[in-house]
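The data blocks that follow each hold one structure.
Shared chain: chain A. Partners: chain B in the first complex, chain C in the second.
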Partner chain A sequence: MDIQLDVKNLTHVFKTGEGIRDINFQIKQGELLTLLGPSGCGKTTILRSVGGFIQNQQGKIIVGQEDITSLSPEKRPTAMVFQSYNLWPHMTVFDNLAFSMKLKKMSKDHINERVQWALRLIRLENTAKKYPSELSGGQQQRIALARALLLNPKVLLLDEPFSALDAKLRYELREELREIQSKENLTMLFVTHDQEEALSISDRIIVMNKGDIEQMDSPRSIYNEPNTLFVAKFIGKMNFIEIPIADHKASIGNNMYHFSHTNSSKLTAAIRPEDITIQEGKGDWLASIKKIMILGHYAEVTLETEDGILKTFVEKRKLESLHVHDQVSILLQDVRFFEGNDWIKYIKKEELPTCITV
Partner chain B sequence: MWFFKSVSKRNLMEFLLVTLFCLFFFMPLVNLVILAFSGEWQYPNKFPTSWSLEWWKFVLENDEVSRSIMLSFSIAIIVTILSIIICIPAAYAFARLQFPLRRTFLFSFLLTNAFPKMGLYVAIGVLFYQFGLMNTFTGIVLIHMVNTLMYMTWIPSAAFKNVHASQEEAARDAGASPFKVFWHVTLPMAAPGIIVASIFTFLSSLDEAQGTLLVGIPDYQTMPVVMYSIIADYPSTAGSVFSIILTLPTIILLLAARRFLGADAMANGFQMK
Partner chain C sequence: MSKRKENLLGIAMVMPSFISLLILVIWPVMISIKESFMNGEGQFSFENYIYVFTEPMMLNNIKHTVVVTLISCIIVLFISYFIAIYLRFTSSKIANFIRKTYFIPMFVPGIIAIYGFINTYRDNGWIARLIGQENLPVLMYDIKGVVMMNMWFNIPFTTMLLVSALSAIPDSVIESAKDVGATKLKIFWKFIFPLSYKTMLVATTFLFMGIVGSFTAPFLVDSNAPQMLGVSMQQHFSVYHEFGQASSIAVIMFIMSAGIGYLYIHSMMKEEK
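Right, the complex of A and B next:
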C-alpha cells in the first residue's frame, strides 16, 4: 500500500523544554493512525506540525510524493478538525461548508452539490440554513468534520474532536467517524488522550510520552504486548507488583522466571486483571479475597497476596462461590516484566515443587 | 388600582427605590422636553401657560447653529474613521501578540481619560501652539482622538480576543490567506465590538466641548460650544431646544445599535487581560 504521510526526524522543542524530539512515522493510504498520550506529551504538536500551524525546527513532512514542510496551512493538502470552536458563528452551516469552495471560486451548482453530499454523509441534511449556535455540540463537530472532508484532504487531522462531548455522544460519533473513514477510504491522523477511544477506532496507535514515541503498534499489540512500563500503565487496567530478583531469577508465587541478564535488583511484573483466574484446587499463587465490587455483568475482585494487591474481573455467575476473606488459589496466564521502563523477556518459566492448594 | 395591589409589602421597598430612581432619572428629561415647547412658563405654574415652537424656529433658522451642526457631524465622522484606521490594527495587536510592556501600553490608553481633562488639554494646547495647530480643523480632530483612543482600542481588542485561535486556524486550513482570514472570519466576528466602539467614539466626539473650546476658538464652533453661548445669552428654552437636538443623534444611534450593545460587550471591553 502507498505511504500517504511520511514524517521524518520531526523535532520541535518549545522554550519550556516541552515538545517533540526526532519523531518518525508513516501512515498508509486509508489508514487511521492515533497519537495517544497524556497532556503535554507532544501529540498535538505533531498534529499541528502536519497541519502547518507550527513551523518545525527540524525534520520533513511528506504527503504523497510532495514535501510540504515549508508550506503554509492554506497550501497544504491537509484538513483539520479542532477540539472545539471549529465553526464560524457568523456564517450559516451552508456558508461554513462552502467557505473553501467559494475561495476557490467554484460554480454555485457545484458548491450546492458538494455541500448536499457532505450533509448527507453526516446525516444533517436539514441544517444548511441554521447557524452554528442553533446546533448541539455533537452536531457542530459533525459539521466541522464535513467541512474538513469538503477540502478533499490527502490526510485528515483530528485534534481530540470528541473530547468536549459527553460519553454517549462520543461513542456514537466514534462509530460514525469509523464508518465514514472506511466508506471514503480516508487517511487520518487522530489525536486523543482517551485510551479507550484510541483502542476502539485505530488501525495503529502511537503511544507518546514526553515528546518521544513509546510504542507504535496495532491496538491489539499495544494492549497485549506493551513494550514499556509507561505503555503498560497508560493502556487499560493493569496490576503491578514489585518483585526482587536474585541470580537472574524472580519468583511469583509458585512460578520461577529465568532471565538471561538483568542489571537491577527489582523488576516490575505487570498482569492484566483478565489474565488472573480464581480457581479451586491447585494454582500458582495463594491469595485472600479483600473486596468484591459489583460492576454490572461482572465484578471486580481485589485479592491480597504476599507480594501485593491484585485486581481481577469475575463473571457474575462465578461470583456466588466467592466471599470476602476466602482463601483462594489463583492462576496467572500472562505476566510481563519490566526492568525500569523497558520490557524484559524471560527465557524460562519453571514451576516450583511446592504445591499450592486451598 | 391593580398596579398598586400587585405591590406587596415585601417588595414595597424595591418599588419605592425604583420609583425614586425613575423620578430622578426621567424628571429632568421630561422637564427639558416641556421647556423646549413652552411659550410662557412662570412660577408657580406647574405647566407652561402657553406652548410655542418659537425657539425651535430660532435655533433651526440661526445660521451659526446650523453651521455648528454640520461642523460637529463632519468632525465626528472624520474622528471615527481615523480612530478605526489607527486603533483597529492596534487592538488586533493587543489581542493577538505578546510583546513586552503590552499591558503597560494598553493601560496608557486609559490614562488620557484618568486625568482632569482641562489640565491635559492645556498641556496639549501648549504643544499645539508650537505646531500651529490652534484654531485648525486638524487640531480639533486630534484633540477629540485623545479621548476616543481608549474606546477604540479596549473594546475591539476584547472583541478580537473572543475570536478563538482555532476559528482563525480553521479558515487558514480551508485555504484562506492570513488577510482573507482576517477579512472573512476575524473582522466579522469582532464587528459588534467594533461597532459599539465606533458609536462611542462618534458620540464622544459629537459631545466634546472642553477641548474644542480651547483649540477651535474662534473659527471652529461645534454644537456643544455653540450651546454654551446660547445658554449664556438666550432664555433657557433655547438651551433646552438645543440640547434635544444634541441628544437626538445619540438616541438614534443607540437605538440602531442596541442589538450590539450589551453589558457583555462593555464588560469585556474593560477587562485587563
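Right, the complex of A and C next:
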C-alpha cells in the first residue's frame, strides 16, 4: 500500500531541553496510527509539527509525494482536531462547518450539501443552527471532527479529542470514529495517553517516552511482545519480579532460563496476570493466596511467592476452591525478561528436577 | 417567617445603602435638575437651556467637547487595540518589556502627570529647548494637548481591558482557523475582531464617559476658548456664580453620558438574545 505520511528525523527541542528527538515513522493510506505515551512525552509536539504549528529544527515531513516541511498550516493538506476548545464560539454549527468551503468560494448549494453530509455522518442533523455553547462536550467534539473531515485532509490529526469526556461517551465516540475512518478510508494520526483507547482503535501504535519512540507495532504485538520495560509497564497490567542472575542463568520457581549473554546481576521478569494459572497438583512455582478481590464476573487474586507478589485473574466459577492463606501451585505460560530497559531473549527453558506439588 | 416579615427584613437591609445613595447622590442630582429649570428669581423657566443652546460660546464649547471626546476615544481605542494585539501574539523581549510596563501611567497621580506634561511640551519646555522652539508644534493650551493628556490617562486601562479580552481567545481557535486555510487578514476579521468587539464596546463606554466629564486635564492644558463642558460648568459656577446655567450644563453632560450608556446596554441586550 502507498505511504501517505512519511516523517523523517523529526527533531524539535524546546528551550527547556524537552521535546522530540529524531522521530521516524510512516503511515499507510487508510491506516490509523496512534501516538501513545504519558503526559509530556511529546505526542502533541509531533502532531503540531505535522500540522505545521511548529517550525521544526530538523527533519522532513512528506505527505503523499509532496514535501510539506516548509509549508504554513493553512497550506498543508492536513486537518487537526485539537485537545480542547475546538469550535469557534461566535459561529453557529453551520458556519463552523461551512467556513473552510466559503474560503474556497464554493457555491452555496454545494456547501449546504456538504454540511448536511457531514452532519449525517456524525448523526447530528438538527444542530446546524445552534451555537457551540448550546451543545454538549461530546457533540462539540463530533462537530470538530466533522469540520476537519470537510477539509478532505490527506492526513487527519487528532489530539486526544475525547480526553475531556466521560468514560462511556469516550467509548461510544471511539467506536464511531473507527467506523467513519474505515468508511471514508481516512489516514489518521491519533494521539492519546489512554492505553485502552490506543489498543482498541489503532492499526499500529507508537509508544513514546520522553521524546523518543520506544516501540512501534500492532496493538497485539505491543501488548504481547513489549520491547522495553517502559512499554511493559505502560501497557496493560503486568507483574514485575526482580530476579538474580548467575552464570547467564536465572530461575523462577522450578524453571531455569538460560541466556546467551548478560551484563548485569539482575533481571526483571514481566508476567501478565492472564499468563498465571492457579492449579492443584504439579506446577512451576509455589505460592500462598494473600487476597481475593471480587471485580464482577472475575476476581483479582494476589499471590505471595518467595520472589515477590503476583496478581492474577480468576473466573468466578473457579473461585470456590480458593481461600485466603491456601498454598497453591502456579503455572506460568509466558515470561518476558528485561535487562535494564531492554528486552532480553532467553535461549532455553529448563525444568528443574525438584518437583513442586501441593 | 411570614412572607410579609421577610419582605420587611429585605427592605430594612437595603435601607442604609439606599438612604446614603439618596442623600449623597440622588438628592443633589434632583436639586441640580430643578435648579437648571429656574431663572434668577427662582421661577420655572427654560432660560438656562436657551442660554446654553443659543449662546455662540456655549455652542462652541459643546462642539469642542464632542470633538475632543470623539478624537480621544478613537485614537485611544486604536492605539490600545494595536498594543493589545501586539502583546497577545508576540513573545519577544520588547513585547515582554511592554507587557510589564504599559500600565505604569495608571500609578502616576494625574496632577503630577499633567504638570510633567506641561513642563515637557510647553513652548519653552524641555522639548522646545532641545529641538528649538520654532520646530515644536503648538501642543499646550490647544486641543492637541488635551487629546495627548487623554491618551496618557486612558491608554493603559483600555489596553488592559483589551489584553484580557484577547487572551481569553484560546490559541486553538486561531490555530484551527489557520488549519482550515484562513489567512492572517481573515483570522483578524472573522475571529479576533468578532471575539473581542464586545470588550471594545465596554472600553468605548468607559472612555466616552470619562472624557466627556473630565475636568483637570482640560482645565490645565486646554485652550481658554472654546472650553470643554466640565471646565465651562466650573466657571459658570464659581466665577460667574450662575448656578442655574452651571446646573443645566451638568444636566447636558449627564444626558450625553446616559445616551452612550443606553447604546451600550441596548447592544448588550441584543447580544443576549
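In this section, the second predicted complex is superposed on the first by the 358 of 358 C-alpha atoms of A that agree within 3 Å, B and C clash if a C-alpha of one lies under 4 Å from a C-alpha of the other, contacts with A are read in each partner's own complex, and residues count from 1 in each chain.
In the analysis below, contacts are C-beta pairs under 8 Å (C-beta built on N, C-alpha and C of every residue); 3 or more make two chains touch, one makes a residue touch a chain.
Values in this document were obtained by computation on a predicted structure and should not be read as measured data.
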{"item": "Combined model on chain A where chain B meets chain C, clash or fit", "value": "clash"}
{"item": "Partner chain in contact with A:Lys345 - chain B first, chain C second, else both or neither", "value": "neither"}
{"item": "Touched partner set for A:Lys15, first chain B, second chain C, both or neither", "value": "neither"}
{"item": "Partner chain(s) touched by A:Ala79 [first = chain B, second = chain C, both, neither]", "value": "both"}
{"item": "Touched partner set for A:His297, first chain B, second chain C, both or neither", "value": "neither"}
{"item": "Common interface positions of chain A, toward chain B and toward chain C", "value": "51, 53, 72-74, 78-80, 82-86, 88-90, 99-100, 103-104, 144, 147-148, 151"}
{"item": "Of all residues in chain C, those that touch chain A in their complex", "value": "170, 172-173, 175-183, 186, 190-191, 194-195"}
{"item": "Residues of chain B defined as touching chain A within the complex", "value": "164, 166-167, 169-177, 180, 184-185, 188-189, 191"}
{"item": "In the complex, chain A residues that touch chain B", "value": "51-53, 72-74, 76, 78-80, 82-90, 99-100, 103-104, 144, 147-148, 151"}
{"item": "Chain C-facing residues of chain A, complex", "value": "51, 53, 72-75, 78-80, 82-86, 88-90, 99-100, 103-104, 144, 147-148, 151"}
